[in-house]
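I'd like to ask you about the structure that follows.
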Amino acid sequence: MLRYILLRGVLALAVAFTVSLAAFLLLNVATDPARAIAGEDATPEVVQTIRVRYGLDQPMPVRYAQWLGGVVQGDFGESYYWHKPVAELVAERAGVTIALALAAMAVTILIAIPLGVLAALNPNSWIDRTALGVAVSAQAVPNFWLGLIMIILFSVTFPIFPVSGDATWMHFVLPAFVLGATSVPAVMRLTRTGLIEVMGADYIRTARSKGYSGASLLWRHALRNALLPVISVLAVQLGQKFGGSVITESIFALNGLGRLALESILGADIPTVQMLIFVFAIVFVVMNLLADILNAALDPRIRIG
Amino acid sequence: MAPLLEIRNLSVSLELPNARLHAVRGATVSLDRGQTLGIVGESGSGKSMTALALMRLLPRGAEVNLDRLAFDSQDLTAVPDAVFAREILGRRMAMIFQEPMTSLNPVYTIGRQLTEASVRQGVLSAKVAHQRAIALLDRTGIPDPAGRMSQYPHQLSGGQRQRVMIAMALMMEPELLIADEPTTALDVTVQAQILELLAGLQCEMGMAMILISHDLAVVSEHTDRVAVMYGGEMIEEGRAAEVMAAAKHPYTQALLKAIPRMDGPPVKLAAIPGTVPSTTSIPKACIFASRCDFVRDVCRSGRPPVQGSDEHWRRCILGETELATQRQASPVAAMVRKAVEASTAPVIEARDIVQVFQSRRGLFGPKKEIRAVDGVNLTLKRGETLALVGESGSGKSTLARVMLGLSLPTSGSVLMRGKTLGGMSPRERAALVQPVFQDPYSSLNPRRTLAEIIVRPLELRGDGNSQTRLARVREVMDMVRLPQRLIHNYPAQLSGGQRQRVAIARALVTSPEALVCDEPTSALDVSVQAQILNLLTDLQANLGLSCLVITHDMGVVHQIANRVAVMLKGKLVEEGSTDAVLNHSSHEYTRTLLAAAPRFRAEETRLEFSGHE
Amino acid sequence: MIKLKRAVGSTLFAITLSLSLSTAPAFAKKADDTLRVAMAEEILNLDYNYTTKREYIILAQMTDASLFDVDPKTQEIVPSVASGYKFIDDKTLDVTLRTDVKFHDGSVLNAEDVAYTYNWIIDPKSESNATGIIGRWLDRVEVTGANTLRFHMKAVYPLALRDMAQRIMLRKKDTYNPGGVVNKNAMAQKVNGTGPYKVTSFKPGQEVVLERFDGFFGPKPAIKKIIVRNIPDIGTQQAELMAGGVDWMFNVPLDLAQSLGATPIAKHLSGPDLRVSFVVLDAAGYTDPKGPLTKVEVRRAINYALNRGEMAKFLIGGSAEGIHTACHPAQFGCDQKSVDYPYNPAKAKEMLKAAGYPNGFPLDLWAYREKPVAEAVAADLTAAGIKVNLRYVKLESLDQARANKQISAYIGTWGSGGTADTAAIARIHFSDETDRNLSGDAQLNKDVLAAEQTNDENKRRELYTKAVGRIADQAYWAPLFTYSANYLVSPELNFPLDSDGLPRLQNASWK
Amino acid sequence: MNIGIEPNLTAAEEPAPLTPRQIMRRRARKHRSLMIGAGIILVLAFIALFAPLLAPHDPFVQSLGKRMLPPVWVQGGNWDYLLGTDQNGRDYLSRLIYGAQVSMVIGIGAATIGLLIGVTLGVLAGYFGGWVDHAVSFLLTAQLALPGLLLAMALVFIIGPSVWVVIGIIGVLHWTYYLVVTRSATQRIRQLDFVAAASASGATSRQIIWHEILPNLISQIIVIFTFELGIAILAEASLSFLGVGIQPPTPSWGLMIAEGKAMMFYRPWLVILPGICLFVLVIGANLMGDGLRDITAPEGRN
């Protein structure tokens, strides 16, 4: 068991480093951080002083080596804009993104799974068709557009929810719905096909022959097997959501990692981007590992083999 | 006393995407307490559907209508589903299924699955249920029953899982046990034990049993009465011994002649031509008319009447006397089996083949080594049919793949015409040996037409142009007796038998010297198996092919093989001519294999068992 | 049928509009005397000595006072922390300080503090954003008395007082290197300024709360408390304005300002701005030595092709107007008599044919600011036959491409830092020290630098007239228009609009 | 009793069952959502193809005087510009029509690039397994971890903004769905006997992949392609919304939504209209995808 986790850990680090190297190259090529920090009306002298101040005048490999050296000792360097250690910056904002991710996951689960189960229990009925209709249309709605419409409807026309910011839980309702809605189709479809397949399996027929029927059959025998693949998909999606949704967070002005990523990428705040990517890669692989472990815990065939 | 179970005129129709399939029409059956009824028929005959209708386990969209369904003289049609599920299913009627590998819930322990139904319905307390489960597991012959309770289904073998299924069915001591092809997926030796077990339990618990199978031999040994089904209708029913000895319906007769018999010299099998008609519309004529040898105009105009006594009736217009005369009229041509001289040149030689596989138990378990083939020497001589016999896990398929050159052995070598397989180019090897696989549905590329499939090996060798190749394809299709008009059809449009013929045609197109057939007929119905076996013997005679046939069915060995090799756990335990091995085998394992194979003891009825009647 | 559809359609939009606009600000701001201000740029550092962006200038106006100040009406330099000044000769300046200037922490400002601030800024170790600007003309500062200082200048520089007024924020002695240890971010999170407002709470990137500083030596501001909120998304800013979370928005796009201004929610103010927009052409041929832009007729044709008037009127609105000089008409020395190329697309096509490009030529036009302006310029040039490939990028990407000499033409803007003097735009664009100079005109370079080395007003005016005339004649640029600053403010707020376009929140008051 | 010879093969009365393709066509006609989806896609493809003829005005011609005209059903609108004009006074309806062109081209282009990368890697990983499989899954994890936005922004700057760059970017970011499906399908097909038969008759790996495995993947690949079409179109819209996608003055629905965002409270149609167009196009693609999957599923699986 330990060997397996160690292997995945090494994979996580390898992925994190390759991705951060790629990001470092892309960023340096795309924009000149010094000019981004200096802003619009900066004279060349100002740009030069900034370049010296942040050591941007050294060649790229040297700067990457410095950054790497720091990372090994846990120091991810200082943000050019925020003048504070990036680790602190990420820690501050991680809370908002985690809350949003969990809320969005709750929205997905509360909508997708019941819908999927109902659709599977009576295939080709009107519930099935509406469930598929919801899935198809939710998949077709651009989430940035959905966000704007939500603000127009529920913050301005009917001022129920606050427009932006992340102070109270009320601030998270609309963003969670928008972020959650994007992954409803996939989860709903997976639940539906999974349950339909399980309901046709031999061991369900055996259970029926022992007198199980209706709700007890569903809860005791069918659901547990049907939801196995769904759980690993949810874990992976949660991993992606921990990476922060760039669009949802910027539309609702939530101070999460997503918005931080967007601004630091557009503003070429390299240390912040590096750390964010590093964190995203690690979180992503860890969530994959978690999905595997969860699967093994729930499915004896994998655990005991 | 009133029969335990009475079914009259049961019809089942299933909903297909674009039609309704009338799977069962007018099934009438009755069963007394403690009695065993066998329902036999080929695939698609509706035998399973009848049982599922009884247990109300039909798939969604199925329709059942019947005149009378009484269980212990209680009219079941009046019982609503919920009450039926709670009071009848599991407590008074139980069922075991064909596929042990998938019939148990993979995520729950054996113990829980055994006890949960009885505890939930309050029939037994948890403690009593637990003890009863262990007792039943022990009775069904599972080693260390207490330990098994906490294990999961995937940790048990096929045979053990079937025993668990039987224990589970008997937890609440049902009065009727329905066994739907209980042993089809198991090895011959295990099959015999399970059938013995079922018979024993039935006597002990005085249960009535319905045994559904496609294997006439199994049914003839283990049932009191037998009903023969074809195309969704019951065409003959009577006492088992009588039906087997003097079948009164042409289909049953043809079926009995299509089964390779172990007693007496090999006989040319009577294959039934054509395929089972589709029952998407209710047929007006006799269902067997399209394939019957004695068909008359009247058979095609109306449904044949039921003739014969309650003891033994059949649905056919032929009178008692006409049938009897027909039976003698068709003499059975004995086949002579050439003995193979030791001196003939070898075609394929396998020298001390060892094949080891690595497998990891579970995601985190340690790596384990499995020696599938452990030092085997085998030679296939020119013009002979060598049968390689063994149970699942004996390594016979692995050896076959090695001799085909599809996988390189861990050690040892395979020679063809003196040259090692490894040294040969794939194209050279293709000219020497070709495979025929077991499952007709996965041996042909669904996306290609027949022409493309059969011509492919020629294209790969690149000899001749498209005309010569097409001619060769047509020639080979005639050889395997495939109608030319099918040349542009897709595999999905053919029957199992036809597909296996295409596979053989593909193997023959490069005119190889040897064929390696891995269980060529075990996935086919008896009547279709007879066609393929006859084809193989004819081809071998006409083309002088040497065939290596892998099988677990002693009947097939007896029918077509000149020599036999028996494998057990990766080792060759016995090798010799068919007569030597079958009649006075030297190895104890071969003897158990032969004993386990179901045979037609036409005369020995089941009287000694049913003494208690 | 159409009538029905039309009726239904319009009602739908009418409902959403009226409903959304009827929610007047929930509570009158006057009650809690707090002005909530929205800014798109995230305020991350309170110390203007280490920042440059416009939002930081607005903030510094409130938190800090400097030696001099610019009179909003007359744009003249007036004494502020300094009570008076006298030029001993054209390179030394004596300044006397007021004695009643207090820092926010209550301590009194003295000559030592001022000297320390200036000497620290010009010391390269400070790496301050102002080091380059001040270091060019100031040698050192010497304390000559309890509240008198002497400034020794390296060279004659007419804009010295303006720089002192707008660039250097005064700090207590040893703020940045207490005990010799350099701490550039000393004032980043908690600024100890001398201005009319002091910072009571600061959440970087989210919010800055300022309250009136009673110890301020100058006129007390009318509003007790100002909260600066960072809201990056313009849509969200509007929603906050409507929901009452914000009372003042600046840099508002024209259409939005006009639409929202027409509702009871907010008032649309539009004031003058020193910022100008222009198209810089690669006359020197950095991208293509023999390219079309090196020919003056082509550059003049481009000037004729652009409909400056319409762009100013429809895309910027307010006091914006087309210009034909490489400077803002209100800036000293910006001679309006230089040659003009009134909009004449036919003439432009003709000149292009004459210059040897009958069916135009491909041109990469870079832009970063207002997208409608970029598309309008691109459309006008396409109409004149030039095959424009519009490259709309981030500012820093454009700067980088220009530094690598990859840009043949780009639409630029310059705010001159609110300085009404041509020097503030000429040197940065036409001297040889900058990569923005695509004219390749040596003589022009000399004139522009010379105009900054003399205090003689007439001499400077004469030099600038020559330079501006030269630029117009050689059409190194295609000047476009001046900007107008659009604000959306709560109807209850009095907000003065000054001619240099610099918003001065400290002068705001309730109606 | 005829011995083993089949004289009277009487299958003649029974019509030979339909070829798989006929079965699919018959099912397709009856599959409502497939018809609707295909209908929408055809109409939009028609609009995209004949945009120059259909559009009332040239989408690039500006008339600054007539900026921000409302659509005809709102007072102040005029009939020359049915859906009003945008910030630069260009006809909004024409830009929407040309926007269809951009979205379709990008959708199809990106989905194809994704297909080429994903299927190749999927088949290789599925067929050869071992280290190829590990390398591909490492690439998969790394690609999922790298934020697409960064890649888009950098490429748009380095190579310069053109429709092809955007297609390339989105294509490179969206091959994972193809990979996962083709990899497991290839692994499944590889076990089937007709692959063993092919290698027994001397086919090389390449021939087996090309002749035996790929034909069986085509129906699944088509299904994924239609879904990816929708996803790619949305991806372009998001990139353009963030300003790193399609560059002005090319009309793109995502860009139009971004431009309309500032005025969404006063001129909501600037945001709503392109949003609806995107929604209709993508829902058409998804309905078609669902339909194709239903009618190909049964054959696909055996």
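By letter and in written order, the chains are A, B, C and D; residue numbering begins at 1 in each of them.
FYI, contacts are C-beta pairs under 8 Å (C-beta built on N, C-alpha and C of every residue); 3 or more make two chains touch, one makes a residue touch a chain.
Just so you know, these numbers come straight off a predicted model, no measurement behind them.
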(request) Farthest from chain A by Cα centre, which chain is it? Let me know. (result) B
(request) Please report how many Å separate the Cα centroid of chain C from that of chain D, as a whole number. (result) 46
(request) Can you check how far apart chain A and chain D are, centre to centre, with Cα atoms defining each centre and the answer in Å? (result) 23
(request) Determine the centre-to-centre distance between chain B and chain C, using the mean Cα coordinates as centres, and give it in whole Å. (result) 89
(message) Taking the mean of the C-alpha atoms as each chain's centre, how many Å separate chain B from chain D?
(response) 46
(message) Give the residues of chain B touching no fewer than two other chains, as numbers and ranges.
(response) none
(message) Which positions in chain D are in touch with at least two other chains?
(response) 157, 261, 264-265, 268
(request) Could you list the positions in chain A whose residues touch two or more of the other chains? (result) 30-31, 148, 152, 156, 266
(request) Could you list each pair of chains that touch one another? (result) A-B, A-C, A-D, B-D, C-D
(message) Quick check on the complex: what are the chain B residues that touch chain A?
(response) 55, 57, 59-60, 81-82, 85-86, 89-91, 94-95, 97, 99, 102-107, 116-117, 120-121, 152, 154-155, 165, 168-169, 360-365
(message) Quick check on the complex: what are the chain A residues that touch chain D?
(response) 11, 14-16, 18-19, 22-23, 26-27, 29-31, 132, 136-137, 139-145, 148-149, 152, 156, 240, 243, 246-247, 261-262, 265-266, 273, 277, 280-281, 284-285, 288
(message) So in the complex, the part of chain A that touches chain C is made up of which residues?
(response) 30-33, 35-36, 38-50, 52-53, 81-84, 148, 151-152, 155-159, 162-164, 250-253, 255, 259, 263, 266, 268
(message) Touching residues of chain C toward chain D in the complex: what are they?
(response) 5-6, 9-10, 13, 16-17, 20-21, 233-235, 238-239, 242, 253, 255-256, 259-260, 307, 310-311, 313-315, 371-372, 374-376, 378-379, 382, 390-394, 397
(request) Flag every residue of chain D that touches chain C in the complex, lowest number first. (result) 60-62, 64-65, 67-68, 71-75, 87-89, 156-157, 160-161, 247-249, 259, 261-269
